Every structure is written in C-alpha cells, then in structure tokens.
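Beneath this line is the structure, given in structure tokens, with notes to follow.
Chain nomenclature is as follows: A, B, C and D, assigned in order of appearance, with residue numbering initiated at 1 for each chain independently.
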C-alpha cells in the first residue's frame, strides 16, 4: 500500500534519514519506533510530503507520490495527524470536522465559492463526533476543549477524509495511562475496520500491545523490523534505546 | 450636493478597497501591506485602455484583470513566505510598483496619466461606486457562508493542518489574492475615470496603510465591521476639517487607541456590548 | 456661508447679533487650498502666508469696493484625491474664485472641476502644463516648467558660456518639466546635455550621484528640486569635490536652502521670479513687508500667491465679486500689472508672461545676478 | 575608482541602516513585533541632538542628550503600546506601531514646524577629507566609525555581560529564562532601551549628514529597516548586519544603473523580494 524506497535527507551535512526502505501492507497496523533523534519524525515527514527527500521515492497504492503536495495525498486517502494537535482554534469542534468532511466540495476553490450547502458535511461530522464520544463538545470553540477531546477531534477530522492509510504521529503523547490505553484501543479498532495505520509512538507499552509489526529506526536507518515481541527482545534495539542520549546529542 | 456626492463616492471606493483587503487578510489570513499597489494597477490599466479609446466598461474590466493578475503573482509569493515575511514582501510590492511607475515614461512617470475620458457625471460615478461596494459586500457575505469561506478560515488559522485535511492551501491563497486585488482594481478603474487624472503618489504606502486601517478599525474578518470602518475613516477627515492641523495626529492616535483597547475593532465592540458577532 | 433654510438663517442672525460682527456675510470669500500637512507642508505654509499678507494689505487699504477679502483655506495634503472633495466643497459654498497654493497633483485634479463649474482658478506655483489646458477659466501666475528650463539654458549658454551640462533632475512633475524645457532649448544656445541623473522626492543621500558627476566631470550642473532635497544634494556635491558651477531653479528660492547647504550654497545661481535687489516698488514692498510680518525672508512661493490674490482683487475692482464669468474675463484681461513677481500679464491660455529673475547666493543671501526678459524665449505656449 | 566610490557610498548607507536595523531585530527577536515606530525614536533623537547642538554648540552633549531622550522614548512605547497587546495577533502590534508613527510624525511637525531644521554649525558636514580621488565628509567617516564601535559594544554586551547572557537566554526561550531567575520584563525594557539609543544616535548622525532634521525623516529608513531584518532572517543579528551592508551597496549601484527603471526604494524592495523568493527564510535565517 505504501512503499518508501531508499529515502534520504540531510540537514546541514547531517544525514537525518539515510537510505530507508519500507513497505506497509494493506490492512496492517505498523508501529514506527526509535529513540529520540532516530529520525522518526523526519521519516514521517518524508513519507507524507512535508519534506521533499534528497533522494528516493514514495509510492502510495502503486502511484509515485514523491512530488505530490500534502493536500492531494490527503484527498487520495493518505492522511496524517500531527504530533501536537492542531485544531482550527477559532472554529467549533463540529466545524473543525465539517471542513474535513467537505473535501470533495473544497477540492476546487471556485466550486467551494458556489457551494453553500452544509448539511451533508454536518451530518457526517456529527456522526463521527458521536462515534468518538465527543458529541457533547460539538459546539464549543476548539480552543477551549481539553487535550483528550482534541486528540479525538483530530482523529475524527482524519476519518472524515475517509482515509485508507492513516499515519498517526505520537497520538498518545500527553495522555495519562487510562486515556492512552483507551485511545490505543480506538486505534486498534479503526484498524480492524479496514484502515491501514502507521503509528509513530514513544509509548512502547501501547505500541507493542496493538501493533502487529514494528520498525525500529536508529541513526536515520532501519535497525530492526518484525513482530513486536521479537524486535523488542533484540540487543541492538535495547542498546539503541539505552544509548539514546549520546545519539540525541550527536543528531541535534 | 456635489461635495456630498464626491465624499459618498470616495467612501464607496474605500469600502471596495477595504473589503477586498479583508478577503485576503481577514478571511484568508494573509497580511498585506501593499494593497494600494493593486488599486494603482487597476487605475493605470483602466486609464491606458480608456485613453487608447476603449469604452469605460471594458477599460475598468481590463484594470481589474491587470490588478488580479498581479494579485495572483503576489499570491505565489505568499506561497513562499508567511506572516511577517509576507507582510514585508507585500509592503515591498507596494514600493516596487510605485518606484517602477515613477520611472516609466509610457505611464507618464511622476506626471501620471491625464485626460482620461470620463463618460459619466457625478451621479453616475457615485452610483457606480456604491453599486460596486454593495456587490462586494454581498460577495463577502456570500463567501463567508460558502465553503470557500470555511476553507479560508482553515488556511488562516493553521496552514499545515489545513493541508493535512486535504485543503489546497496554495489554491485558496491565490484565489483570495485574486478576488481581493481584482476588487482593488475595480476601485482603481472607477477612480481613474472619475478623477480623469492619476499620479503614482495616490497609491503609495500611506494609502496601503489607510486601507489596512479601515479593515482593522472596522474589525478584521468582519464584513459589516469593515464597511463601517471604511465609511468612518473616509468621513472622519472630512468631519475633522476644523481640526485641520491635527488631522494626522488624531488619525494616528485613533489607530493606536483601537489596537490598544479594542483590537477586534468596531466589530469587537459590538460583540462586547451586545454579545452578537457581526457577519 | 450659503443660507439654505430658515433655521440656519435664524442661527446665523443670532450669531451675528451675539458677536456683533457687522456685515460679516458681506466679506468676499476667496478659496485657497495648499498642502498644510504632509510632505509639502513647508511650501504650503509659505504659500498661505503670501496670500494672507496680500489679504491683510488689501483689507488695510479699505478692501475691494468697500468689502473685505476673506480666504477660505483648505488643506489638500499635496494629494490629488484630497483635491476633488475640496473643490466640490468650494463650489457647494458658492465661491466665485479659487487660488491654488499647492503642487501640480492636487491642482491638476481640481482644475477640471473648476473649469466645469466655470469658476476662475489661479494656480500660484504648480508648474504642470495640463493645468491651464483644462480650459479658459484656468490661470497661472508662475512660470511653466518648460519656460523656466529655457531661461536656464540661456543663462548657461549666454551668460556663463558653458557647454557641457549634467542634469540632476528631481523625479516629479516639477523636475521633469524643467528637464524637458531645458533639453528642448539646449541646442539653440549650443548647450549639450552630457548626462542626466534623477532622484526621488524623499532622497537626502546622493553619494552615488556625486560619484557619477565626478566621473562625468561636466562644466556646469543644472539641478531641479526643492530646498529639502536640493540643499543636501548641493552640499554633498561640494563635499565630494565637485567644483563646477551649479544652476538651480525657483525650488531653491528659500532661506532654508541656504541654511541647509551652508557654505556649499555660495555661488549657486537660480532662476526665479523674485529679485531681492529689485527696484520695482511692488516687489520691493512685498519683500520688506513679508519679512516684517513673518520674521523670515520672502520666498518665491509666497510672492506668487501674493500675486494671485492681487490679480483677483484687481479683477474684482473692475467687475465686482459676484459673477464668476465676468471675473474670468477681467482676470484674462490683466496686462502689464506690477505685482510682487514683476510686471505680469496672461496670454490666451492663461499663462503668465514675466521676466525671469536670475539670483546668485552671495554671503548667505540671494542677490541680483541678471534678468532675462526675452518675450520670445520665455513665451509660454498658447495652447 | 568610480566603483570604489560607489562601494564606499553604499557602505556608509549600510552603516546607517545597520544602526537602525539592529534595534529592530533585537525587538523582533524578543517579541516578534515589527517595530515601525522606531522611526519616531530616530526622529526624536535627531531633533533633540539638533536642539542641544544649536544651544550648547557641543556635539558630544548633543549625542548624549539624543541617546538619553531616545532611550527613554523606546521603553515608554513598549510600556504604553506593546506590553498590553503582546498576546494579540501580530498585526495588532504592527498597526498600533504604525499609528504611533503617524501621530508622532505629525506631532513633530506641530512642535518643530513643517520646515526642516538645520544645524547652526556643522563642521563635520562642511569638512571633507580627500584620499586620492576619493572625498568623504567627516559625517560619513563618523557614521562608519560609530556603526562599527556601537556594534562591537553590542557584541561585547551580548557575549560578556550578565545582562547580555540574560538577554540571549530570553530570546531563545523566555519561559526557561524566567525559571532561571531572569527578569523577562527587565530584559525587554533593556532591549528597547538599547535599540532606541542606537536609533537616536543614528538619527543625529543622519541629521548631520543631511544637515536637515525633518518630521518625516524616520519613516523610509524604518521601512527599509524592516526589509533588512526580514532579509537577514528575522531576529538574526549577523544576518541583519550583512543585509544592511548589502542593501546599502545594492542601492548605491542600483541608483546609477537602474536609474531609468525604478527608484531607490523600489530597488531595495526588489532586492528583498528576489532574495526571499530564493531563500524564504532570509539570508542567514534557518529553514523551518
């Protein structure tokens, strides 16, 4: 479904991602982990198009999307959520999701100009909010609702795009133990419903619990890949995490 | 009567200018400090056509297209730079326009373009300008209600988030610049025919700031607020002719006071007092 | 004041009674607009003072036909778009004659309005040719740029006997008109324009122009501009080691020019309308009275608005102040009238004819250098 | 020789820009405010300097007085105008700043008259030194010296003093600096003070250079200052200095070679736009 070939990028002479190859199969829930500074976020940015790679290519469902802008990828069903939740702060929670639910209408500015019918988008957005259990906050401005809600709202926004591949950048960060576990369950459930998911996460406990495959990134390259239990048992993976501090400095 | 007509006409032109800028800055969140350049482009485009013998309607349309075309170019610049960088780049666009026109003999350089045919009378121009202002007012209210307005809002509040939910941020920015600058071009075309004389200085940085001031005094993003701001700031210098000597002092002080005590402008005041948000 | 309704009439009557101003409504109101704020405020203020002096003098001498003159002053900020509502306001108030103490931009914008309303409009020192071409109600009491440029060529070719000239031209209508007039006449006097550099109104730093002038090494420099940019320009030329003689224009005709350029102003020659060493009584009296009244030296801008007011007053003495068409005819008939700027008259286009005064700065003062009184060379265009 | 002269001219212009832009970049780095009203501080410095010089005949006294007056006005503007609106969107501070500029410019005109004022005695202006075919007047030489000295002093301040370290810490992260006991408010006042003193001194120097102090003398240099700090990469001090000098030189050559195409301000902003289209983060700014 998603394939990154020989992806590399350097910042000021430092290779942040060096020749990474990876494949994500339809229907899977893959975890992308690695110590601080391993290049996870950079790799994610390369895959989603926030950054253009120095070399290598990204294919989505067999199409080369390396040069495709983010919004076009999103329209194809290749959707990402941000590490730090980025709501449209002055809109209500419902409006936040509605904008995402209307991508078919907002695809072309000129079409958007002549479209005033908000009913279909509203109905879909309301359904999504209900499904994520945040319907009670629908009419509150996004800037005033707590983080747990925003995280869910962000997923609702992503789901409104009818994604086939969802890339989640540290969705559990900032949540407490119970919240994180519940949120992880939600992710697993979405996957079970047929959405392919790539999860970049620091919360190793939850990732190993729900992911069926792990990719460990270290120093900008893939260090290990496989079933979570096997990967976490490897010595080089443990060393990478324990020695993370020095590496983080070297790559800062 | 003539005096009131000409004041009303200028107020209407300022409404067109301010609503155009509000589309770019208020709706789509792209700060522009060079709006007068597009007013000027419309005026020069229309004037050249009219002097060459085209009918006024066509000339004004050409002026709008010229302004809109340069607006699209500026929109492309807005894809490269954001926020404060964009503010200074647009300010630069204004200085560039002015500094280039000043030196172009075919544009009359500092002398400007004179003897622009003027087929309408004072009532005609007043009606035309007011008609344009009303049209733009309706357009603004419509945009706000349409999906374009919602997409603008998303771009204004967080470009990256907008992209990640599939919104064509570049397309919307360029659309906003096109509509807003073409509106300025319309105002310019009417102005050129009405005054029959245009000179570069009428479109300088102070004019850009004046338009911006109308938008922020009215309340950036609020269509009705901006209309009120434009009308108020047009009438104020006229009403304050008796304090002639302190005009700019009062004007600058007013800008400062609004920003200091009600940064959301008149629309913010209305909201605070009545609890209602102006459209 | 136009009295439109009974209530305003009552209020006016009450006011008149309260302040016991006898016959205030009978004052002859003359419109006068000038840039009192904004970039040109300095010239605007001087222009206003010239006009005020004229009004005071005329009123002190008994007014016009027994009525006092009164200026209705408005600020145009030097901006064309300010001039339109202002012109309409004058028309709305029923004024019969208006004087522009402003630059070309606002004056040009207002000219068409006054022509359409058939109100005589006298421009005191705006130099753009289109102003008088707006129609037969337009007059100008100062030189057109072209005419002044021609005077400078004659000065350089005949009096200074120089050939190679570099033009330093202010990039506005004033500078461009002077430059055009100069170039057009240059050939007739064997003067050759070897290079020309332009600068903007707001420029105060001319290092690269100074360097270029040194490279070109001309025999004489012809500089258009105003005191606030010409002053620093002349000073920087001299500081940079340029020794060629400098010929300037009426834009330098102010004491401010000398106090800015200091020693560098010495020897600068200008073409203007005011001769500080004049024998003409009207000009002499203006220079002395102005200095007495405002505590500063007289300037060309003030002389020209002073002239405009006197032209208007003279016309009103002949035909009264209430009929703008008759006023126009009377103004147009002005001939060989002695005023602050010399002996003047208007041609068919409403352009003034007068001699060009050549002044030189000596010992920090403007002094007589020459006068060019050549009706053919200085003839303004007639259409 | 001609090119050397144009280069020198450009460098002197660059020095005046640098004195203005350094302050703007200080303020921007700290508060993300485009401080257009710096023009007011510059002009006040020039007027105070001129009045003191004409009164006492001492240029030294003029510079001190101008520096102090400007140094008082800057923090005052911060206190009364910016501080209450720091949490508002950036255009709010920008428009407020423009308001201050318009009002104060008119205030100067009302107080000091529309005519510019000139120095009664200005020996720096009337004395020029010749080196071979080159000729510079003393003001130009002093501008270069003042720029270098003031900028060196600033570098020393930023790297060698406690206040300077506190300042740098606050620029990079106000919250952390505060937790280390740095008074963020104090640092802000100090930055406005330094920026304003530099602007005030620059105002007197430019006043001397033109031998003319006018109400509107600050606006164009202030707009260019904004262009410069953007060009240098907002908040980046070395970038600002590089951009100042480059802009001065580009203008110097541009006014000769592009004379028929566009004026000096347009050249400056053309340069800005071209650079930003190639490097959106500015000359020395970091890419996001």
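Assume a residue touches a chain if its C-beta (ideal position, glycine included) is under 8 Å from a C-beta of that chain, and two chains touch if they have at least 3 such contacts.
These numbers come from a predicted model, not from an experiment.
Here B is the chain whose Cα centre lies closest to the centre of all protein Cα atoms. Of the two chain pairs examined here, B-C and A-B, it is A-B that is joined by more C-beta pairs in contact.
Each chain gets one centre point, the mean of its Cα atoms, and the points for chain A and chain C are 72 Å apart.
Look at where the CA atoms of chain C average out and do the same for chain D: the two points lie 37 Å apart.
A straight line joining the Cα centres of chain A and chain B is 41 Å long.
In chain C, the residues that touch at least two other chains are 37, 171, 198, 200.
Residue positions of chain D touching 2 or more other chains, listed in rising order: 106, 259, 263-265. Viewed as a network of touching protein chains, the structure does not reduce to a path, ring, star or complete graph. All chain pairs in contact, by the document's touch criterion: A-B, B-C, B-D, C-D. Within the complex, the chain B residues that touch chain A are 142-143, 145-148, 150-151, 153-154, 157-158, 160-172, 175. On the side of chain B, the complex with chain C involves touching residues 1-3, 5-7, 10, 99, 102-103, 109-112, 114-115, 191, 194-199, 201-202, 238, 241, 244-245, 247-248. On chain C, the positions that touch chain B within their shared complex are 36-38, 74-75, 79-81, 84-85, 88-89, 91-92, 104-105, 108-109, 112, 128, 130, 171-173, 175-176, 198, 200.
Within the complex formed with chain B, the residues of chain A that make contact are 48, 50, 69-72, 74-75, 79-82, 86-91, 95, 98-100, 102-103, 105-116, 118, 157-158, 160-161. Taken together, the chain C residues at the contact with chain D in this complex read 37, 39, 41-42, 44-45, 171, 197-200, 202-205, 207-212, 214-215, 228, 231-232, 235-236, 239-241, 256, 259-264.
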